[in-house]
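The block underneath contains the structure these notes are about, expressed in structure tokens.
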């Protein structure tokens, strides 16, 4: 027979992994403990979590339990779930720069400037919705053309492509 | 041998060798090279339809085994072994490779068991959905300008040099590229079309070699109606790929 | 100024919500506490979790922390979850094992051990996010180095690379 503390620890682990409601029936089945014991143990556990005033709480819901965060700390969680700032890789930035200034442009043309295969990076930029397909080029093979998107403008804080820093002044540098 | 040989079930030549050693209950430190080589060759001969590229790896091992076998048969080896010198057994390297390989193969099996929850393992939280964390990209437009100017500058300097491809280009891989293209375009493609995306010579030659190999295997058919006319490529009737 | 116990509780909540690694830098930013204090508090917290022998553990990974279940209770969790959602072929497992134990490692080094070309398998592992590029090796050709990821730890239920089963010499062929 399992010890009381062991059952609590196992239930804790189960509630954590599930990230949602775990039914009383599930706990009984997984732990193989009588219903009455489980109810008693869970009641105790809910109270312990409450009293400890820690970051996590266990709540009884609908013949089951969920683990959730203590509302007292919601301020920090709001800060955390704010959009996670993500940077583009240098290779992605480089590819994006080529597309932005030379659009519409084919993969072969991009690769010619970069000197390396760029298939995966282009796929990645497409997935991030920073570039989009813009028809095909009227040459043999009819390769796909790429252009930047609205999302690209948003990310780079531009109102239109005309806002891209002009290249002329840079040439003197 | 009465069994059906399925080379595909071995992850590579070392795997096959380990199997043979195990099967024959051989001491790995004293491998009868002649016997093992013969069995190994028999396996290769008995194998049916098999991926060309993979077969290459097995053939490299075969030639290595044959070299070892001939070294072992050279006269005078026997006496030398009695001397307590730093004489190297020609099999040493093979033994080391087999041991190294086996070590990781066993580790892989252990990891697989971990994954399946045998033994103690930790669990992490299930994410309700993959997109639960909003991600926002940040970047500045000025960096785009700097990057493009850099690239142009680099390309200007590079123009007089040959382009060196970063990776080795693989003929087997190019064969697949061609077959994939032909599967999509069953009514055939132009010869030139195949090469339009090529950015360097090495890639070009690999692609060309791949095409020749496919034609040899009759997996691709090339047709030219008149001298110097256009060449069209069609999927061939060769063995399935 | 936040109390020590409050910081711990907040971090607990943050680790729970993230369901993955939370960087030391993130904790400092969210909590607005000096680095030195955070390191000290986290060290204490990791030890407390360990000693309490509860269902959950906090582990230090790569300048950050992650919350996971105590491996002592894995028997119950196996009953509840399907840990092997990621199907891997034996050849992929073999490659992954080589990378896991020898990281960072180049493709050529992997192929030397396996005796077969491994390009496609590596691409596949990259796509599954089980391995990642880890810079280049400072030798001729500057080949790409590969290492395992946090996702790798999650899939295999490891709390850190130190949990990898020890490599045994394959003597008993």
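Should a chain be cited, it is by its letter among A, B and C, assigned in written order, with residues numbered from 1 in that chain.
Criterion: a contact is a pair of C-beta atoms (placed from the backbone, for glycine too) under 8 Å apart; a residue touches a chain by one contact, two chains touch by 3 or more.
What you see is a predicted model, and the numbers here were worked out from it, not measured in a lab.
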- Note on the structure: Higher number of C-beta pairs in contact (B-C or A-B) found for B-C
- Query: Of all the chains, which has the CA centre nearest the overall CA centre?
  - Reply: C
- Please work out the Cα centroid separation of chain A and chain C, and write it as a whole number of Å. 18
- Can you give the whole-Å distance between the Cα centres of chain B and chain C? 29
- Taking each chain's centre as the mean position of its Cα atoms, how many Å separate chain A from chain B? 34
- Note on the structure: For chain C, residue numbers touching 2 or more other chains are 16, 18-19, 67, 69-70, 72, 77, 81
- Task: Send over the residues of chain B in touch with two or more other chains.
- Result: 123-127, 133
- Message: Can you tell me which positions in chain C touch chain A when the two form their complex?
- Response: 5-6, 8-19, 22, 26, 29-31, 53-56, 67, 69-70, 72-73, 76-77, 79-81
- Item | In the complex with chain B, residue positions of chain C that touch it | 16, 18-20, 57, 59, 66-72, 74, 77-78, 81, 83-84, 86, 88, 90-91, 93-94, 96-98, 100-101, 113-117, 119, 154-159, 163-165, 167-171, 173
- Query: What does chain B use to touch chain A in their complex?
  - Reply: 123-128, 133-149, 151-152, 155, 158, 163, 166-167, 190, 192-193, 196-197, 199
- Message: If we count contacts the way the header does, which residues on chain B are in touch with chain C in the complex?
- Response: 11-14, 18, 21-22, 26, 28, 53-54, 56-57, 61, 97-112, 114-117, 119-127, 132-133, 170, 173
